[in-house]
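Each structure below appears as structure tokens.
First chain A sits with chain B, and in the next complex the same chain sits with chain C.
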Partner chain A sequence: MNTKASVPHPTKSAGSARSGLFRRLARDPVALVALLFLIVIVAAAVLAPLLAPFDPYDTNLRMRLRPPGGDHLLGTDTQGRDLLTRLLFGARTTLALGFASIMVGSLIGTSIGLAAAFYRRLEGPLMRLVDIMLSFPSILFGLALAAMLGVGMESLVIALGLSTAPPIARVARATATTVMQTEYMDGGRVIGLSDATLIRRYLLRNCAAPIVVYCSLQFGETILLAAALGFLGLGLQPPIAELGSIAAEGRSFIFLAPHVSTAASLLIFTIVLSCNLLGDAFRDLTDPRLLP
Partner chain B sequence: MMLLKTTSEPLLRVEGLSKNFNVAGSWPWQRRKLSAVNDISFEIAAGETLSLVGESGCGKSTAGRMLVGLSTPSTGRIQFEGQDIGGMSAAERRAVRRRIQLIFQDPYGSLNPRMTVGELIAEPALLHGLVDRGGARDRVAELLNLVGLGDRHAGRYPHEFSGGQRQRIGIARALAVEPQLIVCDEPVSALDVSVQAQIVNLLQSLQDRLGLSYLFISHGLSVVRHISNRVAVMYLGNIVEIGPKTAIFDRPLHPYTRALLAAAPVARPGARRAGTPLTGDMPSPLAPPAGCRFHPRCPLAVERCKREVPVLSHAEGGRLVACHRWQEIPAFQANASAAQHSPATKRLLALYRDAATRSNSHTNAV
Partner chain C sequence: MTGMIGTRSASFILALMVAAPAATQEADNVVALRVSDTDRYDPQRSTALAAAEVLYMVGETLVTLDHDLKTVRPGLAERWEVSPDGLTYTFHLRRDVSFCDAKPFTAKAVVGTMDRWLDPDFPGVSKWKAGKVESVKALDDYTVEYRLKQPYSELLYQMTQFNFIIIDPDQATALKDDFGVAAFNGTGPFCFQSWTPRTETVLTRHEAYRWGPAFMTNSGPAKVGRIVWKIVPEEATLAAALQTGEGDVSFAVPPWALAQLQSAPSMQLLRPQAGFRTHYIGMKITRPDLTDRRVREALSLAVDQAAIADAIFFGEAEAAHAYYSKQARDFNPQMNLDAFGYDPERAKSLLDEAGWIAQADGTRMKDGNPLSLVFYGFTSESERQMAEAVQGDLRKIGVELKVELYDPTIVWGKLKTQDFDLYQMSYPYLSAGEAMNLYFLSSNMPTPNRMNWADPKTDQLIDAGNRAITPDARYAAFAEAGAIIHDAVLWKPLVNENLVVVAGPRLKPFKPHGVSGAPLYNGLDLELAK
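Coming up: the complex of A and B.
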């Protein structure tokens, strides 16, 4: 009898796990709908200058607060600008903000997490710093940072990135700690690899999958935070279209023209919901046993 | 007066090597010392295999990790080709470390799963500038052939291979930097018995072809008997007996060595265990016993063993043994001398064979 045949593979290949991921995603209807919706939104946001029927900054006070229908498919806002156009450009801004922020956040968070796992002496100080950052609600943290750094795209991205970094750092540290205990890390050391190479080629490559999945889960959170800052007036300044500030502008006329706030809020809601559903699906589908 | 010894200098000389770990207690000020390796000394000549045997937790792996630089010694010296590794600059140490490589116990966990076999084997050679990018492919193919794999395997990932094949990849990776000494940390204990033999034979043929030295860390005595020139027996961080293989296996002197050999199973029904089996567990290295560290479990311990630490002293067969009483205790009857079946078992086996042939012919007739 060949005993080898019954021994299961302890790890699946990166390639087959990835293709299996999409195959199994296709079998999850909720996640699939969320994915399709996000693809449509992202495509519309990217192609906003081509798709938009009007100019997003073209005000027409005689046409202000028109209800949906007619020339303006979703009506107009307080300045008489076409709401559909504003929403398309707003989604563009908000998604770009969220994406840039999650990039900054994952860069900071992953660096902190990997450093804490690799250099055991740094673990205490770094993770206590993360604990302190986590003890503030992220909206408060983002608010304080945005107020401190002033207005503008860069400072907003830094504020949002810093407030998403702590939980990412935790996930990165947890994953990296298990990778650090494997023998192949010792194997890399024995042949004389430098710390930088060990971290990049051995540690990061082997913890990338769970971190990416977690970041996809955090993406919705970041967009919500970006919109919330915009709503509170700490985001980008008017007349730049941004979903949070569009919702805020419409708030003053919510009884007169409810469509402005409602449309913007609904768009935020569906984007965040789709991101969360998709992130959840990713997390469930990347079964930890499939991750080496 | 120091004499310059060039020919008689061993490849590796370890003197008084110790490793202590600081273990935190429940409170930050409660620090306890764990003595994992305690003042061990040995030498390995070029082309020689020294085996390090002992129970798990006796410090044999820690000793191996210190040799390859994964762990820094608390005290003691490691000399490679007559040069003290501890006193070297970082660059010199890197060059020496290249000469000492490690083969891991677990072939499943010791290869980076995100790198192809070709990348894994080329990596150390490229790092040390032994090949350039262009020559790496040829070198990988050469090494794969050397360990009994084909160059077609270079593009695959480690998980596509069996345990034995992975261990071959690990060996090829270690060989890529042209080492002189390979520390084999239980290289076959995670493998099937049939595969074990293949890997051990591969290690031996590589030794013949490349003139390698091995420090073979193992608890499998049959493998050790097969591969070693000399054997060192460790107990609770100490070397208790070290000497030529035949001396250790045929006439073990230290009571612990005897117990270890007696505990090895013999493939013969009714075989009685030679000597008395050990009782109890190994004491905690956090609080090693005073005197001889083996005395609480030693069947021959006397009062002196509790007070005085025995030192390694020369004994018959060119060995060193650390025991106060080795001269007094009776000779050891090795299991191997009684490898014959008893007459009763022989009769029984004959009956079985008889019955088997008869039942076969019976089923054929029906």
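Coming up: the complex of A and C.
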């Protein structure tokens, strides 16, 4: 992968590099397992309404905290709902939250990063803003935002997006600064292309690969943050199933009915681990210079 | 030489090992654990239960309430008379009482306490509990005359509450805002030693104390030298601390932990004879979908409160079928309580009758709108579980409940608004009359009368009950008012929660007191096992 050499058609080169990347990924067994696992989880989450054996909202207090086995494969939760169903729907919510948040985060982060690299005058203020945002632990930042914006899916996505944006902005700026020094950027300027065209056609497309790789690494982090907010009660309101809040509701009964918290926590753990392994593999397989 | 040092350091280490647990558990020390702290220990300026728990130990009221929570007994006043018109109460004070600083207790302290509390410029709380006071005067050093502008049948019962604890008025004047923060001079079995907010409050034995109420086993002095009230903000940690012996006693143990503690042979679960705390769902009857009584009755019939009592409270609560306990004073056993059972089939037919037609997916529609209600509640664990259970039950009859749970810091503000249909809460009370005065008077809208129940007949009956001079007249008025408010289906009563005190092996078994949710009461009956 060498974007610098391919001046006339930089994007095409990046595209073929990506397909090579997938071929090389197939040779990494750990990453492959992680990828397969994620595909299964995502498929299960997407198809949850079809796969789930029970209604995720059908409560029955008299059946609460039943251990795994019998009709309920994984037992029941604190309201007597089928835990397997809740986990399927919970994974659906958590993955959707993570995905939406990383989209919002990468949109904000990339915009800041590219603007900082393209307009040198903005670099100082924008990157200091990012530094300020980075100086808060992301969990604290997310907590404060979630508390400020109130409950609900939209505000949660905004809170999570804003807390993932700063590191993405840094990566975007770092790559964009390198791209800015290339001749085709100067060439584009000389032939009179507008700023918008330059950013969209040349800068963004040549920065996309490392940003996407970085976002895949951040995805696990975002899911973890989403689950943490759910665990702390700042996530979605009941009865929506969300992995973090399922883990939280089971916490009180960890001695009486350990299956609730354990199952939810294990699922979060494996999803985040797979994301991280996959992100690592992506990073290793792409040009190591792209991410310092 | 080396050997000596070796022995010495060995014994030093041994001493440390022995001393380490002893640091928290001194011989004559009892550690009580609780979840939250108070804002201050000023009986006339705090509404916090956390204040009551400590104030009952360091201060006393003129009259006290027996374990049954119905019989008024002497306290600082050894006897009293009520004039036939119900306007003048004359209290004869004990002559053997002194404050912690050895100053004798006289009528001056009573007058000073009441004058300070009822002063319009003083930021006192719960002043309504005192009734419409004309004057509080000292007839001599040991006689107090309490005059009312109108009769107030609840007065003696209210006087047993912690807001009526007699303070040292001179100290309050001297300390101003620091009163109840830096120091508190009272007549109770314990003396206020120190308070580190959100950490601990330390009380020491009042050595001169000999005047405990007759219904306590011990009349004084207290049998333990020190009581340390420690804050453990997390319920699960608190339950664990009791098992490890870090704490000796607590009544803030969550229901789910009780089952676990019960199986530990060294732990004692003690219950007061009476104690009133009811959890309920309130319905705002001015909201468009809730103006129809049939809808309210349907909501009420759809919720299975017995399942909540069994599952969420692990049996440490009984299903409630009225707004207040059947054991509470002036409960009317003739009331029709059919609307408060569990009958989802009847609930469905009531909704049909009211024009809410079930659709193919189960939701109820009327004029193109779904039956969807907004529910406000608290974020704490058991309240969240109750909210989810109610949501699940209502879903079964086709009612969508939008649950919004708020942190205790914001929920009270939210509950003042008109933006919700249902809300969930629990409240402590002494009698049916007190519950009605609090919740069902039209003058208490928008809060705590969040239902917007404005009924002149109810107002008039509650007022008549308050003014009643004889117990019969009081009962007649409150019983009729009770029947009216229950007939209107303004609440869905959920459960009457049992107050459970968990005590560790260091304490001898004792009889908790149900007053004001402060079951250790004055601490006189606390005693170490050895």
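Definition applied: the second predicted complex is superposed on the first by the 274 of 292 C-alpha atoms of A that agree within 3 Å, B and C clash if a C-alpha of one lies under 4 Å from a C-alpha of the other, contacts with A are read in each partner's own complex, and residues count from 1 in each chain.
FYI, a residue touches a chain if its C-beta (ideal position, glycine included) is under 8 Å from a C-beta of that chain, and two chains touch if they have at least 3 such contacts.
Computed from a prediction, not measured in an experiment: that's the story for all the values here.
Trainee: Return first, second, both or neither, reflecting whether A:Asp186 touches chain B, chain C, both chains, or no partner chain.
Mentor: Only chain B is touched by A:Asp186; chain C is not.
Trainee: With the two complexes superposed on chain A, say which partner A:Arg205 touches: chain B (first), chain C (second), both, or neither.
Mentor: A:Arg205 sits against chain B, while chain C stays out of touch.
Trainee: Applying the touch criterion given at the start, work out whether A:Arg121 contacts chain B, chain C, both or neither, answering first, second, both or neither.
Mentor: It touches nothing on chain B or chain C.
Trainee: Report for A:Arg27: first if it touches chain B alone, second if chain C alone, otherwise both or neither.
Mentor: neither
Trainee: If we overlay the two complexes on their shared chain A, which of chain B and chain C does A:Val151 touch? Say first, second, both or neither.
Mentor: A:Val151 contacts chain C only, not chain B.
Trainee: Considering each complex separately, which residues of chain A are in contact with chain B in the first and with chain C in the second?
Mentor: No residue of chain A touches both chain B and chain C.
Trainee: Along chain A, where are the residues that touch chain B in the complex?
Mentor: 3-4, 7, 9-14, 182-184, 186-193, 201-202, 205-206, 292
Trainee: Going by the contact rule set out above, which residues of chain B touch chain A in the complex?
Mentor: Contacts found on chain B: 65, 68-70, 94, 97-98, 101-102, 104-106, 108-115, 123-124, 127-128, 157, 159-160, 162, 170, 173, 176-177, 192.
Trainee: Please give the residue numbers of chain C that touch chain A in the complex, ascending.
Mentor: 235-236, 254, 256-257, 259-260, 304, 307-308, 310-312, 379, 381, 384-385, 387-389, 391-393, 395-396, 402-405
Trainee: Which bits of chain A are touching chain C when the two form their complex?
Mentor: Per the touch definition, chain A meets chain C at residues 57-62, 64, 78-81, 151, 233, 237-239, 249, 251-253, 255-256.
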